[in-house]
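There are structures below to look over.
You will see subunit A twice below: alongside subunit B first, and alongside subunit C after that.
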Partner chain A sequence: MIQIAIYKMLQTANGELPLDISLTIEKGQFVSIYGNSGAGKTTILRVLSGLTKAEMASIKVGEVKWDDTKKKFHLPIQKRSIGFVFQDFALFPNLTVKENLEFALSKNDSKEIVSELIELMELQSLQNSKPQNLSGGQKQRVALARAIVRKPEILLLDEPLSALDDEMRSKLQDYILQIHQKYNLTTLMVSHSLSEIFKLSDKVIVVDKGKIVKEGIPETVFSEQKVSSKFQLTGEIINITKSDIVYVVQVSSGNNIIKVIATEEELDQYKVGQKVLVASKAFNPIIQILNKLT
Partner chain B sequence: MNVLKGIISEIQSHEGISLVKVKSNDFIFSSIVLDTPDTADYLKQNKAVKIIFKETEVIVSKDLNLKISVQNQIPCLVKSLKKGILLTQINLLADRQIIQSIITTNACEQLNLKENDHVIALVKTNEVSLSADD
Partner chain C sequence: MINLDPLWLTAKLALITTIILLVVSIPLCYWLCYSRFRLKAVIEALISLPLVLPPSVLGFYLLIAFSPENAFGKFLADYFDIRLVFTFEGLILASVLYSLPFMVNPILSGLKNLPPVLQEASFTLGKSRVTTITKILIPNIRASLFTGIIMTFAHTLGEFGVVLMVGGSIPEETKVVSIAIYEEVEAMNYQNANIYAGILFVFSFSILLAVHLIHNKHRKTTLY
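Coming up: the complex of A and B.
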């Protein structure tokens, strides 16, 4: 279990804003942090990793204290068992993929993990390439592998996939899930993508203006049943096509694909991959009996 | 999707169903929901709510004095029309709010709808959804 309590004054575009949060994360959980820019999401990861010091921080990972400002205790960053991947992770340009991974090893570590990760992340054909010859998605795959080389307890991901296109993003999500499970990691990910959060996380924390405003499983947090309509389902937009002056939005929900009409003005808010709630009133649907024996 | 803001002015409940009156500017909408003040937090007198109904559920009438069962009859002015082959989107100005309607282009032509026409927008009580506005 990881117990985190942080208080830190943030300097934002709109002046000072206190980040004041406390949360508990179970070992092995995949937790997403969601919220507006400047809400303090990245700071939480940075304080946890030891990159940033807070006015007040109390961080305990299992039985080990990482931060206890009351007792002026701060575990140095190199002693914290973490892997960190940022949006643009800088790989060493003069080293090959394999050398980049080996560089992350501690002195006495066996090189076995490097070949294991190269295989798991399907980097075999790229292992002797230099970073400049890799695509964005390939670089992030290497960055992810490198973050795992020391087998950290905690993996911190700060919008690692936001610069990638949808297809690459979805592939990388699969890799992230795979390493999270295989290495029994506790993962914290900052993300703006609802579909990504739904796909990966056990729990989501919504941060607004330095405070946690909501937390729970993604379904409950994002599809609060606030609208009176009783005919509701959540799903993901898979396709949008123009039809005369309106648009047909296709939503995949479980095994079903449904279609909903939308106007041109509404389209700004809808994107393929977006998680949505589709609602209609209980008064509209008709019921037809299936398997009627004649 | 039409989303208007309003304040609940009256709630009448019976056996799990509530008929809710919501004041939006000068117009009072009526909505029927499968909830009661006991089952839904937002169902309270004077509570701010969103009134939600689909464009395709908005009927347009040029006849201003209708003897008809539809409870929501909102006087509007036609602001603009977007004609398609089969469907037409009409932007209506109700008081200070815009209401959109999508009807067939045939219907639009039969009514000979033009900008600045005075019309009534009709929405059935059971087509109006409510949502807490916070």
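Coming up: the complex of A and C.
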């Protein structure tokens, strides 16, 4: 179990904002942190990893204390069992893919884990390339593999897929899930993408203006009441057109565009750009508006 | 035939100065790049001072400081038996101070151009500061290091004012090429002055040409 309590003043574009959160994460959970830019999501990961010091921090991982500002205790970053995947990859340009992974090894570690990860992430053909010759998705796979080399307890992902196109995203989500399960990780991911959060996480934390405003499983957090349904997808309304007497609402979800029929009265609540849940009960797909989080 | 001693002495001075500055500048630049020390700007300004200050000013202060008549010089003479005025050692120290910006500025700009996340990534992979500097930061600023080394070497070759003030002109001790040229001209030996000057000119030009040729290939860091 990981217990985190952080208080830190954030310098934002709109002046100072206190980040004041406390949360508990079970071992093995996949937790997503969702919220607006500047809400303090990345700071939570940075304080947890030790990269940023907070005015007040109390972090306990299992029985081990990582931070206790009251006792002026701060475990150095190097001693924390974490893997951090940065938003812009942070691969070392002077090292090849394989060397990037090997750099993470400690003195007496066997190199086996490196070959294992290269295989798992399908990097065999790229292992001798330098990072600047890789595509975004390839770089992300290397960054992910490198973060796992030390077999950390906690994997921290800072918007890992924001720079990728949809197809790449969905493929990498599978990699992340695979790694999370295979290496028994506890994973914390900052994400803006609802579909990503639904697909990957057991629990989601919604952060707004430095506070946790909601937490729980994604379905309950993002929809007011749980819809009992055969299937459900999250997406965004991209178009509303009139067709004879009914309206057709087009919802984009992943790579699919789903057309759902709506009546004129229903239409009042829908607008283009809205995040919605598409669910089907037996025959008829229904749309439900996801909670406004902003 | 001209006396070759000043040439050797100049080369020796430039080489030693460059090595000392390389060793000193890497940790100094790391500190300047990553520390949040409030008076950092003061230190940066002090380092850059030799770029704008007449060499005679720096030389004058160093002469005063090194003099056994004054506290610092007396301390060195009494406790370590070191004399820095009119000696090769004094010349080295003066050159190190005088050429400091030529080594520090390229390395510092190289470090500042590296994304800070590289260092953070290395830390999260369990690596110490020293490992991070030697295995990640330095290899990624090779072009800047090369520029710093060449510029420091070339600049030390061309020193005159500081050397004249601190070192004077003692053959095989402090008489470097630039001083030798000055003395040959004073003595109206234009032919010898011409040879010394020509050697220095061709050598300095070749070095700078090499730097710019290599630099145009990389185009990553600023030169000065």
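A few notes on this one:
Keep in mind that, in the parts below, the second predicted complex is superposed on the first by the 228 of 294 C-alpha atoms of A that agree within 3 Å, B and C clash if a C-alpha of one lies under 4 Å from a C-alpha of the other, contacts with A are read in each partner's own complex, and residues count from 1 in each chain.
The rule we apply is simple: a residue touches a chain if its C-beta (ideal position, glycine included) is under 8 Å from a C-beta of that chain, and two chains touch if they have at least 3 such contacts.
No experiment lies behind these values; they were computed from the predicted model shown.
Applying the stated contact rule after C-alpha superposition, one finds that A:I286 touches neither subunit B nor subunit C. Among subunit B and subunit C, the chain that touches a larger number of residues in subunit A is C. Contacts of A:A13 after superposition: neither subunit B nor subunit C is touched. By the touch criterion defined above, A:T263 lies against subunit B but remains apart from subunit C after alignment on the C-alpha atoms of chain A. Applying the stated contact rule after C-alpha superposition, one finds that A:S106 touches subunit C and leaves subunit B untouched.
When the two complexes are overlaid on their common chain A, residue A:R146 makes contact with subunit C while staying clear of subunit B. On subunit C, the positions that touch subunit A within their shared complex are 115, 117-118, 120-128, 135-136, 139-140. Within the complex formed with subunit C, the residues of subunit A that make contact are 49-51, 77-80, 82-84, 86, 88, 90-94, 103-104, 106, 146-147, 149-150.
Subunit B meets subunit A in the complex at residues 1, 31-35, 40, 42, 52, 54-56, 82-89, 100, 102, 126-127, 129-132. Those residues of subunit A that touch subunit B in the shared complex are 226-230, 244-246, 261-263, 266, 279, 281-284.
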